[in-house]
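Should a chain be cited, it is by its letter among A, B, C and D, assigned in written order, with residues numbered from 1 in that chain.
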Amino acid sequence: MKNFQLSAKILSQKKIKGNYWHCELAAPLIAKNACPGQFINIRVSDTYDPLLRRPLSIHGVKGTKIKIFYKVVGKATEILARKKKGELLDIIGPLGNGFAFGKRKTENGKQILVAGGMGVAPLMFLAERLKKTTIQVLVGARTREELLCINDFKQAGCLVSVATDDGSAGFQGRVSDLLKQLLQEAQFRPQTIYACGPRLMLKAVADMANEYALAAQLSLEEHMSCGIGACLGCVVKTKGGLKRVCKEGPVFAAKELAW
Amino acid sequence: MPTRLAVEIGKLKLSNPVMTASGTFGYAEEFQDFMELKKLGAIVTKTLTLKPRQGNAAPRTCETPAGMLNSIGLENPGLEIFIQDKLPFLKKIGIPIVMSIASEEEPEEFLELVSRINLIPEVAAVELNISCPNVRGKNSLIAQDAEATYQIVQEVRKRTDKVLITKLSPNVTSIGEIAESAEKAGSDAISLINTLGGMSIDVQQRKPKVSSGIAGLSGPAIRPVAVRMVWEVFNKVKIPVIGMGGITDVPSALEFIIAGATAVSVGTANFINPKISLAIVSGLKEYLVSNKIADIQELVGSLKI
Amino acid sequence: MPTRLAVEIGKLKLSNPVMTASGTFGYAEEFQDFMELKKLGAIVTKTLTLKPRQGNAAPRTCETPAGMLNSIGLENPGLEIFIQDKLPFLKKIGIPIVMSIASEEEPEEFLELVSRINLIPEVAAVELNISCPNVRGKNSLIAQDAEATYQIVQEVRKRTDKVLITKLSPNVTSIGEIAESAEKAGSDAISLINTLGGMSIDVQQRKPKVSSGIAGLSGPAIRPVAVRMVWEVFNKVKIPVIGMGGITDVPSALEFIIAGATAVSVGTANFINPKISLAIVSGLKEYLVSNKIADIQELVGSLKI
Amino acid sequence: MKNFQLSAKILSQKKIKGNYWHCELAAPLIAKNACPGQFINIRVSDTYDPLLRRPLSIHGVKGTKIKIFYKVVGKATEILARKKKGELLDIIGPLGNGFAFGKRKTENGKQILVAGGMGVAPLMFLAERLKKTTIQVLVGARTREELLCINDFKQAGCLVSVATDDGSAGFQGRVSDLLKQLLQEAQFRPQTIYACGPRLMLKAVADMANEYALAAQLSLEEHMSCGIGACLGCVVKTKGGLKRVCKEGPVFAAKELAW
């Protein structure tokens, strides 16, 4: 899959709530080639601080536009949020492998998407592309205010259940416990679980997929210095040895991973 | 006005002085989407060892002010798999390929590696990485000791006719002294600098940000140290110097050349802008034209001090 | 919860661990508009020599990525004028004053300086600057040689009961070794790092940006190197370590403490935000409170590795 | 003279022409205390690149506002020019000594101001404060388009002559040669010459002041790392030894300097 480095114009930049921002970029070559689970690598400043690019998932594609959805957590995301409509962003993409779907039988089965925190970012794009199937989305966050994309998932035709650590909305507990409940009660037996979120959540999802003999595809994060497979910085242990999250990932089959 | 960018590193001829630094350019494949690889001066491979190495645990990199730390731990597939899987692509590019090598047990592994590399005509030069701070379980580097440097370079020199480049560590009291040893031992060129030893701490967790604790600092932050060392080495040895450390643009590449580097290597900057090395090639040409310099070699070491 | 910020450097008691680094805080007068000086842990003077020194020619400083180069050349008014013109202001502040001293001819000048400083009760401690790269005409520093370090520290130690701090240079192969020498010779504490040797070139003029050519690199760029060296020294010696090199904010001060520094010095950051050292004092307190740490000494060297 | 560090709101930010920008800041404490020839030291970014503050002359004071006038020449001035009305700037001032005037007899005599390039910046403020006297301003630049503040000086009641290297406006040649002509023709015999501009121009002015036995005050530039006298980076040779441009300067009597 070919990668492109381009200067993408910001078409819109909106604060959704709190520290969460939504941004659309004009990036025809990336939009055309992007698959759910892939990401772009952004240079937010032409100074040396911050120095490295920052990876952000592709949140959606609409015509020649790509969407990103990000949380301001530090230097680079803060600078990004200060950028205005019309400004240009130096981006590289579409990077990584993306979720495997569509070419398999699972396409017409039921799917379950498990998102923890910002994990909604790539899964929203996946939900749009999976549209033809029945999709159950589980969204987890610490508290009600941090639940993300609920309406977007609904609009995309998904069934949505939520979990909050503090019980301020939906199931009280971790989203992985909600998944467990769902699987136990056999309410919903998916063919594949697609998950993105904190490492511990992904581990729990992997364990459950194993227990229930389900396929699971997990989107991982590692600190990335290049995003294009050159630095070997972003490796994760798999049964087949170390793999680069930016290149062989960020999506890995749960059964491949050696936690 | 015709301008000449070609330079020579021993008997190695480069169409221009811009190379890519070991470990920052993968095995070149990773950059084919972004540039015409054959326009580079040369490509230096990620350092190879005889046997495959898994390298260190994650996290392996973090960002620092105008720099980054890495502790990859020389992950590499080992010589055999490199020859099988990576070399064919590199060969096809058609520019000089420099093989960077390191060894876990000196000198045997170096000698074994070199004797095998001697059989690969497409490898133009060997870079001895005696300065990698990320090999676990060692307290000091060969390149931190003039005598040890002399020994290993001499042994390797005896066994190969390929252009021999010795890569030095900046973590030393006197870089000039180490460079002199390498020259005396028969190295054809000196490349420097490898990364500076550094550490960065996550103060919430009270843990190092990179799993190995101490890691290697690279990027623009270290550029002044690198330029200084190139200048010191240029004034100490007669063999060509390949300068690197924080090169990110045309002016920074020029700093190294003016300080005495015959060629330069682009490292960390490849991660930030994968097209930068070729942009530097064109920028150097423009500089020559606008300063009416016929041959880039006139610039080498032209610092007025 | 009551939290304790006070620390001890030998018999020197500081109300908090934040000091100002030599040469970056003038003689404190320059900062009185910006802060209540008496809230600092201690103040280290610009390095003094026996006789006045004019220092190097302009330009003396330039900016580099996340850092700066300086080559002041130890400009100072000499001991006598310091005592007359600068000391009275420092005395009045009422916190420990550390006198940084250097010598052009070792060991005589150091000994002469110390014997005079012995007579000034308001000077709490002496910092031996054996690591200043900006004294012209020398090829190497005392602090680049373990034996020379041992000699000079020992000689000075014999002549003074004041708290003795030895300031080390990062431009060495093994910082631990030098620190050990200073400890053995009787130093009460080690401070590090002084600047890294660096150079920056104006490529249009092909001249160094700082007149002396090679100069000293400081600022956030060098922080990872400094943190690493503090960690190495902390693991080598038992005497307290004063850490510095690119401290600009609370997290960076914490990095040094966690790596093993009993106190920290703020240098270049004073130029960027003259109020920063006191902001760090309050920030450290907040960190202790929010992490439920009763005494900052629990943090010293608490790195989990 | 006390210095203040404050967070000053940008009240206006305008491109005058080319790379030249004019900006007004709300800085009551500085406005109240500022003298012509003094400067402020600006931190344009809270990242480490650029790292150091940048000195800019105080171009004028109006009530609680101070004005700066700057040319975009590099990293920091570029970032400054991108800042918008309403944003805050971390500044320190008023720094340096400023021009000596007013307390001397020269107050009521004729004055001459010589500006090369951006040297107009502090001299405009001086012209405003000198108002009661007859002021002849000589403004020099490489070419017509780079002549600055001509109308401002006129509006402040000054006589203005210009010099351009290429002769595209006024006297063809250096502004110091124009000064020479003026002094030779004895058209205008000032009591004090105030000058700001490139080093070579200042040297020429100093030589002429010497030749005609006139007092001259020159505003110098040196690379500044702190601006508050702490780093000893900005020294200049004077007959009384090295002096700090940021503290004992930036204005020096011509006869004091040892070039």
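As a convention for this text, contacts are C-beta pairs under 8 Å (C-beta built on N, C-alpha and C of every residue); 3 or more make two chains touch, one makes a residue touch a chain.
Predicted, not measured: the structure shown is a model, and the values here were computed from it.
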item	value
Contacts common to chain A and chain C (chain labels)	B, D
Comparison of B-D and A-B (more C-beta pairs in contact)	A-B
Gap in Å, rounded to a whole number, between the CA centres of chain D and chain C	36
Inter-chain centre distance, chain B versus chain D - centres from mean C-alpha coordinates, in Å	47
Gap in Å, rounded to a whole number, between the CA centres of chain D and chain A	55
Of all residues in chain B, the ones touching two or more other chains	65-67, 219-221
Touching two or more other chains - residue numbers and ranges from chain A	48-50
Topology of the chain contact graph, where touching chains are joined (line, ring, star, complete, other)	complete
Chain C to chain A touching residues, read off their complex	65-66
Residues of chain A defined as touching chain B within the complex	2-5, 43, 48-53, 90, 92, 222-236, 241-242, 247
Of all residues in chain A, those that touch chain C in their complex	48-49
Parts of chain C lying in touch with chain B, wherever the complex brings them together	64-67, 69, 140, 144, 171-174, 196-201, 203, 205-208, 213-215, 217, 219-225, 227-228, 231, 246, 251, 254-255, 258-259, 287, 302-305
Complex contact set, residues of chain D against chain A	45, 47-50, 75
